[in-house]
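So that you can tell them apart, the chains are marked A, B, C and D in the order they are listed, and the count of residues begins at 1 in each.
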Amino acid sequence: MSSSPSSDDVRSYLFERNNWGRWGEHDERGAINLITPEKRLSALASVRTGETLSLSRPISTRASGNNPQPALHYVKTWHGSGDEVSPRSATAESGGFAADFYGVFYHGCSTTHLDALSHVWDEQGLYNNRDPADHITSDGVTFGGVQHWSSDIVTRAVLLDIPRYRGVDYVSVDSPVHGWELEGAARQQGVALTPGDAVCVYMGREKWQADNPDTLYGDHAAGERPGMHASCLPFLRDNDVSVLGWDMLDAKPWAYDVAFTVHGSIWAYGLALVDNMVLEPLAEACAARRAHDFMLLVAPLVVPGGTGSPVNPIALL
Amino acid sequence: MSSSPSSDDVRSYLFERNNWGRWGEHDERGAINLITPEKRLSALASVRTGETLSLSRPISTRASGNNPQPALHYVKTWHGSGDEVSPRSATAESGGFAADFYGVFYHGCSTTHLDALSHVWDEQGLYNNRDPADHITSDGVTFGGVQHWSSDIVTRAVLLDIPRYRGVDYVSVDSPVHGWELEGAARQQGVALTPGDAVCVYMGREKWQADNPDTLYGDHAAGERPGMHASCLPFLRDNDVSVLGWDMLDAKPWAYDVAFTVHGSIWAYGLALVDNMVLEPLAEACAARRAHDFMLLVAPLVVPGGTGSPVNPIALL
Amino acid sequence: MSSSPSSDDVRSYLFERNNWGRWGEHDERGAINLITPEKRLSALASVRTGETLSLSRPISTRASGNNPQPALHYVKTWHGSGDEVSPRSATAESGGFAADFYGVFYHGCSTTHLDALSHVWDEQGLYNNRDPADHITSDGVTFGGVQHWSSDIVTRAVLLDIPRYRGVDYVSVDSPVHGWELEGAARQQGVALTPGDAVCVYMGREKWQADNPDTLYGDHAAGERPGMHASCLPFLRDNDVSVLGWDMLDAKPWAYDVAFTVHGSIWAYGLALVDNMVLEPLAEACAARRAHDFMLLVAPLVVPGGTGSPVNPIALL
Amino acid sequence: MSSSPSSDDVRSYLFERNNWGRWGEHDERGAINLITPEKRLSALASVRTGETLSLSRPISTRASGNNPQPALHYVKTWHGSGDEVSPRSATAESGGFAADFYGVFYHGCSTTHLDALSHVWDEQGLYNNRDPADHITSDGVTFGGVQHWSSDIVTRAVLLDIPRYRGVDYVSVDSPVHGWELEGAARQQGVALTPGDAVCVYMGREKWQADNPDTLYGDHAAGERPGMHASCLPFLRDNDVSVLGWDMLDAKPWAYDVAFTVHGSIWAYGLALVDNMVLEPLAEACAARRAHDFMLLVAPLVVPGGTGSPVNPIALL
């Protein structure tokens, strides 16, 4: 019915249909501008039971092939409180407290995280015509930092369940998700997108990894991984999607002469991407309630000049 | 009208009125159990305009008297994408990406953060009759970790504006906030609490600090600081409060023979505390709209065995 | 010729022959007291050519089965100097500088490091009759911290080459190094120990790992690894060894009812251990020059309350 | 007797008298090439008593105006040993061990550290005609990394005691140390430099800071600080100095049109600089023994691609 786009098509998706200037030349919020107060008010209608789900993986301190830069977690313990405090092992004999350090290099394929507009660029630069050489420093970014989205990402979201649509357990390497499948899944699930929606695309990553233990999803050297195809870009642009949450990422190899395919929606359209979401329980819940829309809450840490944030996205059903 | 409680009173608030066992002897969620799906559904009525506010301070990498353990922020930059990637300064000439490391020792008086049930204990131990010697380790806690609240803290919240109630700019050292003032402020603002509500107590910390530059709020050695008095404990317990968010913390000195006064609500009642909130803009917004309730969203990082989390609380108005 | 000691023997080596009190009840320097200025002066005679070798592995930021807690390395770059400095990518067009953050959890089997007297204890406690509950805190130790050895570890050292003594490539799991072999190797190599010497025991770890790629030296769950046997303890004690440097560690399983076998020399005798040394090039150099003594320089980072330090031991030949 | 050099003079010191190409176009060791095995052998003659001194400051986890990026130190504790290990507070009842994480951003004015050849550059680039844009990445450097000096810095050193030469307590802002004073101090102390020597310049930093509590040595915004003047550059070059250790750094303001004055000796001459040494006890010891030469041992952590290393320099007297 449909066929893969040509390389010219994909470049056109990104370079000709970008959102640069759409919200002003100084804009640093991108497609998140589509999430207006009115949008949020109307999104309340998608809450039906008040149940919630965390869409975050646990942050892991264990190194593995899928987690090559494990998080740091150190707990310190003190005896006493108030003015008289001393470091001491925890004992009940008197009061005390514990406090911990978290360290996390959160981008990559392990931690659930938000990509800010400063995270990626292509040959023409960052979102809204900015030169990365001017704005990306080792001490933080001066354009497109995650702090611009501190209070914004509370909106209606739509779950698209690709394995259910296809009648399989998971998306595989030889069959990446195409744009027409996103449309088909939405239609099958009876859900229509409206501007400013977040889209969560479930692809069955955990089941895929369990069935493919020798091919690590996070192994960059592998050169291939299942996920979304460049043909999905027009869907995101045409529907004025604000946020893309997914469990799998861009399919590899991406086979087109661009730096990024679906991740290109960051610099081109100004999308907020939430990588490595846990979506299987949400997919099951949506199927059970026969409703695939809900409210999505993403509250990034307010790090000035950050290229994103580890996040714990919450679905309010 | 009212007078400060005696030391026996305060011990009674904490030790005799605790919530241990209320939600089962194995419970690790404490007062967050009060936030039911039904509670969340009814909380939707407190959303009026769809506007949002972040209640988080920016995470700061600059050391100061108020920030003795500054956060770490390091950005790495790569050239290319996909399979051919090399560390390189950011240039537009081809695609690339930036990714950063965050490190934060988030407890204390600087970072906006959530305290989990494992954060503090008194002479009788942790919440729900647990011995800290059994559960607090330098590698993480085995009871009351923050991961038990991953999807829970989405509820109705009430803002209590103490400076406005008192007709002053901020709470000062010689006049801590008492429990009867919390009741008075709620009455004056025309807002009633219901079980499972979060309470955000605005005390004017930023204005106080600006007027008292030589007394650092975060200086533990100072021995005194403005904030909430132990007499507030019954208010939290009687109203079945689930979450306490505040800009100032427990008033010091706390002058009672307990390890913690208001922070004692963690181990005694199972409350979730969100310390160092930014509440001034919220107080102004609530006054302007003449409505002091709203929805509060707190999405902690999912760190198994963590004693809390840096958070970006969002108010949905 | 010799046979393995009984469990009672090993307990006797550690518990009855300890050095507690030998240098005073307040001593925190242990066997390093044996390195006197006179010892160092006489050690100069072991320097023959002025050549040097680093005995350190590179610190690695790559996670692997042998390096489960990889080091952190982040570089920041600035443009300018003096008073006018801004974070910026490195360019030659004007001056600038780069500075980096190192983070390392250095104990374990990956990083070359020094163990301080506070690192391990057995049922009777830490070195010199100290209770770990009193001195080990999550914020640093208050007894036996590495800072007590800041300027001390400059002494004569003797290299014992076990594979050469045995005529094999490396020590294997089924044949740990016994005490009588240390004596035999010294005799064969024509080198005599004197009090205060450091002993470096080469066992061929890199060659062993290359031949045993599926058994990771650093895999604690494996339950077995090649290395030194508990029978080596009397050699260390009888010869008044000050420092033990080794490429392999205690052989596992250690099969005796003690918390540590060779590592027990820390709490029992007050030895300084330097784990994960690179000794193959040194062994080759010693064989070539037909002299197995040299000067060893170990300069730990001065971290007050540290349980050790990553180090770069240097052999001055 | 002497007068300050002109701006042209200083540029000439750095740009015309550089050591680029002196040890080959691929050299990454710079002036450390001057430390030959023969040099080290002859340096043994400067050891007289076998006493040692650590020239390192303690690494500090406390933030202050002089330590704006405090080190991290977290200790973890385990119960048991060998195969059965669990995180647990330290108790003597059975064996256990403690292990710690160190994190340090070591450049700046607080930590004693070594600057590698990749640390600074001027308008012509890095040492040996390298472009920083090619070699400095956020993931480590690819030229002039500290690992090239892993085993090298063991050499004769000369202590120059400027306060004693001047008859004052410390060097002050209005009177930076000039090159002719280095010569004068060496002459007065009766010590002659030979190629490959390290030079340690004592300027009295701790005493200066104690007398000037309101002017922080590490305050970059201050714009001025006592230290060594650009006129010292020829002394370093003419004497073929390999290492410069100092307690104060380049005097500020540096008043010349170069990116760095004395720090320029890194990129121009290939010198190894050891910043923030503790030299007062060494100065006293040298005066007492009436001998100002000794052996200096600097053992940097072996971090591939590092721009330097925190170090604990040891003087062997």
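Just a few scattered comments:
The rule is simple: a residue touches a chain if its C-beta (ideal position, glycine included) is under 8 Å from a C-beta of that chain, and two chains touch if they have at least 3 such contacts.
Because the structure is predicted, anything quoted here is derived from the model rather than measured.
At the interface between chain A and chain D, two copies of one sequence, more than half of the residue numbers in use are shared by both copies. Taking the mean of the C-alpha atoms as each chain's centre, chain C and chain D sit 26 Å apart.
Work out the mean CA point of chain A and of chain C, and you get 45 Å between them.
Across the assembly, chain B contributes 72, 74-77, 89-91, 101, 103, 133, 136-140 as residues in contact with two or more other chains.
Interchain contacts join each chain to each other chain, per the touch definition above. Residues of chain B that touch chain D in their complex: 62-64, 67-70, 72, 74-78, 86-89, 103, 133, 136-140. The residues of chain B lying in touch with chain C in their complex are 72, 74, 76-77, 89-91, 101, 138.
Those residues of chain A that touch chain B in the shared complex are 36-41, 43-44, 47, 49-54, 56-59, 71-77, 80-83, 85, 89-108, 112, 118-126, 131-133, 135-141, 147, 150-152, 154, 220-221, 223, 252-254, 258-260, 263, 297-316.
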